[in-house]
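In the two complexes below, subunit A is the common chain; its partner is subunit B in one and subunit C in the other.
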Partner chain A sequence: MRPSRTSYPLSWRLMDAVEAVAAAVWPRSFSAAVPWLMLMPAVVLVGLLVLGLWDMADGSFRTLDTATFLPSDDYSLANYDRAFTEKLFFTVASRSLIGSLIVTVITLVFAFPYSYVMVRTRSAALRKFLLIALFLPFFIGQVVRAYGWLIILGSQGMVNEALGLVGVAPIRLLYNYPAVLFGLVQYMLPFAVLMLAPALTAIPEEMESAAGSLGANWVRTFIHVVLPLAKPGFIGAGLVVMTLSLTDFAIPAILGGGSQDFIANAIYDQFFRTSDQGMGATLALLLVAVGSIMVGVVFALFGAGTLAMGRSK
Partner chain B sequence: MVFDGVHAVRDATFDLEKGRFLTILGPSGSGKTTLLRMIAGFGRPTSGEVFINGLAVGSVPPHKRSIGMVFQKLALFPHMTAAENVAFPLRMRRFDARTIPDRVHRYLDLVKLGKLGDRRIHELSGGQQQRVAIARALVFEPDLLLLDEPLAALDRKLREEMQLEFRRIQRELDVTTINVTHDQREALVVSDEIIVMDHGRIQQKARPEATYRQPKNAFVANFIGVTNFIDGVVASVDGDLIAFERPGLAGRTGNGFRPAAGVSARGALRAEQIRIGGGRETLGDVDTVFGGTVTDAIFEGERVVYEVAVPDLGGTTLRVFDHDPVTHSQHDVGSTVALGWNVKDVLVFGD
Partner chain C sequence: MTGPSKPFLNLGRRRFLQGVGLAGAAGLVGMPFGRAFAAEPEKPKEIIVRAWGGSWVDSLKKGVSDPFTEATGIAVRHDLTEDNEIQPKVWAAVAQKRVPPIHINWDTTTNATKSALRGVTEDLSDLSNLANVTELAKPVGLDGYPIVNTYGYVYVLAYRPSAFPDGAPKSWKDLLDPKLKGRIALYNDGIGFHFPAQVAGGGKLEDIPDNMQAAWDFIAKIKEQEPLLGEDPDFTAWFQKGEIDAACTISTNAREAKANGVDIAWTVPEEGAKYDTDGLWIPKGLPENELYWAKQYINFAITKDAQQVWLDGLGLPGVVPGVNPPADLVGDPSYPTTEADFKKLIRISSKVQVEHESEWFGKFKEIMQG
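After this line comes the complex of A and B, so read on.
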């Protein structure tokens, strides 16, 4: 019996047609290959990245011939020797590493109360405000924001003008290490909040009530219940903040004014100022290595946190 | 307490003797959980006061009240073992560290989990998790135990087992307990006393038998048990006896209801108090008999539930529980039957 027109609407017929076409083009027996097919673009992208790294690895073993300004044909470890012995590179590396650690700690300390209030507040308006305040900086971009800080913190900037009103001589607020760290913390805060919030959402409010009824005041509830349960979020947020600030370019360049270079700035100088591609490649590979080791150490010590994905137990 | 201008709990004055097991029973949204949270200290009443052992505790924060609470979703700490969960209140309440392991052991034994203390929470079954939650709420010997529907998520068999466990543990420790549930069977099984709540108000507070046999109003009669309501107009009142204008229909006043003739009223009649048979001679000793037609018969195993349309009651459909222990006979849909009950079992309410 043919289905009647009323019980079988047009939209269903259209879907049937689409399904028939799909079945003709891609028979059901192929369906096992679909997930792999959808994975292809990602595989290609990562593959290209690996190819590029391979090319850089090749370059890192060639020294710059100062006579012709071309990479040498023969391989040597001279670039790596320079990277580990020259004081400039050591200064830059330790500045970035220590900086990224300080930024990570400060950012997590600031991000926690923000995301906690955002997740737990009963006021929908406050939650919306906190979310918008969080996303707004994403629309502005790193460079523009750094220039914004120049306007605020410069020697003729708003802060110094305000200080001048109360009779304080202008203070040099820019082009130093704290200025770079300040800019990085401000830049990283939204990332950390966004990584922490899901971990806090996953902690049932009843847990905190339970801790209360069992005799824990809010400090002890925080230490014994919230903090341990939020650990995956802290690890995920910490890893993201640490790797992003370790490899950041714009903020050290703009707020450091050339005096506070991070590794990325040193790499840029090698590639585009001194045109020593071999040295640039060496530094880039070392940065990849250091970043991977730091992530590896965190994984080994604390587990992968929210970055672990997969099924939880 | 008021949420967004709506009174979640409006009038809830009651008292509870030490060592008693009280159940607050009501449909969802009746305010029972709000009431429990106010007792625990998680929300302050807009007006009124909570007294424990004669002391007003309104301004005492939850962690300084001596109240053990088993939460709806248990709220066990997943990053701790069962024993660490039970030890948590002892550590927070600064019990002597040397006595803690011993005490934790005693309470794990009490809930029959003696050997499972080292398990993590996710390694325990639903019933075992319930037991950890009970041990954790009782281990510091609170003045009061609060149960916020912790059994709601369990399957029926486990739920009935845990109800008896709650009862056993409560009797063993003699701890004053307030239980919140929407499960009328649980309320009847476990409690010394039942408070029925609706719309933020206490409808009745009584022992389980009294709540079932002498409901104070139509809401209570309807909420507990399966109750038929027969609407009618009062013809005459003689003492406790109220006769309706429908010939043959009468009942007993419920909750002191004394209507004048001509007032509309409703009789409440439990499904199990109606007898059903092929003819009136099969009904035995009953003083009210009506004829009807079976419109539905549901076999439930230990009983058959009939829906019977009664033309002489204005076509009202009555629900009847029946089980024939000898012949296991059943009335078919469409067959004509006689229904019988006694006037004393019809409770007449005004609402």
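After this line comes the complex of A and C, so read on.
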């Protein structure tokens, strides 16, 4: 009896052909290399970054000749000497470091209850509202958001107008350090919530119920159950917020009124205002080094948190 | 374009022909432009001119770019990349022997001098209209014409009259009045303020650049006033939004704020005000024909007719004799025309400024960021 053609349909034949071609191009014996092949995009990306850093490292050892505006042929540590001895760079670096730590702490404090309610609420409407409120800022760029604060907090802005209604004279809410920190916290909050939410989702609700049934009130449950189990989320969120704050450019530039520069602003000045690319490269490399050390210390002390994708360390 | 601007364009077209040396024979005037330039190098479809935005580019377009396009058929595209940011791109292109991203850079003379010292600028000495310009067009301290200065400007003390009920401030020291705390603004690199600060601080201009302690002392006092630090667009915005009452800024920004309805005036205080120039230059590496037409653009920009319209928009004095000041700036200290006017202003060579810019920038920032 002749077999029916439908017993081996055309789509299967096509798949056989595709498999045969795939086997010819990538034999089964190569299968061990598949994970490495999938890593290739990341390797290329990091490789390009390293190449750029190498070029910057070369530039950082060359000083600017202001008679020709060319970098020197000779290598020296002059730029690094300036970076470590000039008061300007110390001021800007310490402001950036302290600022990033303050912003990280405040952002995590605000992000936790938001994430907790978003994850635990039984109201689908409230969860959707919180999600929309979380993602909406991502559609608005950082610069636009900063300008929004100029409108709201300016001398003739909405806040001062409201204060004027109750007889309070206009006060300067912008162009100072607190304004920069405020702007950074507002910018970083969605990032922190996004990093915290998966960690909170991973905490079984039954754990909290069990703590309650054993007599713990909500404060003890929160301190002894939720917070410890949420630690990976805090670490991941903290790392992201800290590194983004440390390297931020736009918020200090727009809300700082020119006198609250962070390191990124100082780097921009060297590259684009004084045309001293060697000094700019030096500051950029030091920023990378400081950021990496801070992340390394956190990894060593607390692990990588949610960034470790479930691994303990 | 129609209406009142037409007569100017006709005149500009004739002037343009004269400028590029093609109207030597009277019979050429009125000849179709395609034929008039038949012997010239091939025209590019467009040339790219880096410019500042807002009223700056509007004025350039009206006074130079549009008439140039009408006369030659070459479109002019304005690239509004910041002058500081285009510089490394141009430098990299020249170093790598690539075609630069722009044909002409409208630049501060100080910035342009850096590019000239680096050797990335074309020599413009052969522009025919340089025969008709004042000495202001020539960059100080450089050989030839790697840059053509096109106008001068003054860093005035702009102020809100309502904040100065006793009349215009007479001295930069008036900015130290406690009632102005948090209500004044400077450029974020201190440009325009160093030299008057040297005088206001009790120093001498002759001591620049060797001893500027008086300037730093005065700037340190200004720092106590918690000034805002920004760039050109910031000043206009800050005056409009009521953030500041006084600023050291280019008169054009103050004039623009006034045109936008802000109650603002400006003055040159008794210590003087910095006078500087902007210019046009061409980066090396352009194809020959594009270089030729880029030069013609600059040659046209220093004709009287182009300057009259361009600089009317900016409210700045040009480099061609006979350009009339806008009606609102006749006798204004920000529009110097006489020797007496210039005596009130402070001009330091671009070369000195360039050589010490990084040092002055660092010192100013150190004070202001402290």
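Note that in this section the second predicted complex is superposed on the first by the 274 of 313 C-alpha atoms of A that agree within 3 Å, B and C clash if a C-alpha of one lies under 4 Å from a C-alpha of the other, contacts with A are read in each partner's own complex, and residues count from 1 in each chain.
In this text, a residue touches a chain if its C-beta (ideal position, glycine included) is under 8 Å from a C-beta of that chain, and two chains touch if they have at least 3 such contacts.
All of these numbers come straight from a predicted model, not from anything done at the bench.
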Item to check | Clash-or-fit label for the pair subunit B, subunit C on subunit A | outcome: fit
Next on the checklist: Quick check for you: in the superposed arrangement, does A:S76 touch first (subunit B), second (subunit C), both or neither?
Outcome noted: neither
Checklist entry - Which of the two, subunit B or subunit C, is in touch with more residues of subunit A? => result C
Item to check | subunit B versus subunit C as contact partner of A:T201, first or second or both or neither | outcome: neither
Checklist entry - Does subunit B (first) or subunit C (second) touch A:S123, or do both, or does neither? => result neither
Next on the checklist: Students often get this wrong, so check: with C-alpha centres, what angle lies at subunit A between subunit B and subunit C, to the nearest 10 degrees?
Outcome noted: 160
Checklist entry - Should A:G212 be classified as contacting the first partner (subunit B), the second (subunit C), both, or neither? => result first
Checklist entry - Counting only touches as set out at the top, which of subunit B and subunit C does A:H224 meet: first, second, both, neither? => result first
Checklist outcome for this item: When the two complexes are superposed, subunit B comes to within a least CA distance of subunit C, in Å, of 47
Item to check | Intersection of the subunit A residues that touch subunit B with those that touch subunit C | outcome: none
Item to check | subunit A contact footprint on subunit B (complex, rising order) | outcome: 40-42, 61-63, 65, 67-69, 71-73, 75-79, 88-89, 92-93, 122, 136-137, 140
Checklist outcome for this item: In the complex, the residues of subunit C that touch subunit A are 82, 84-85, 87-88, 114-115, 117-119, 182, 188-189, 226-230, 241-243, 354-358, 361-362, 365-366, 368-370
Next on the checklist: If we count contacts the way the header does, which residues on subunit A are in touch with subunit C in the complex?
Outcome noted: 64, 66-70, 86-88, 91-92, 95, 150, 154-156, 172, 174-175, 257-261, 266, 269, 271-277
Next on the checklist: Per the contact definition, I'd like the list of subunit A residues that touch subunit B in the complex.
Outcome noted: 204, 206-207, 209-217, 220, 224-225, 228-229, 313
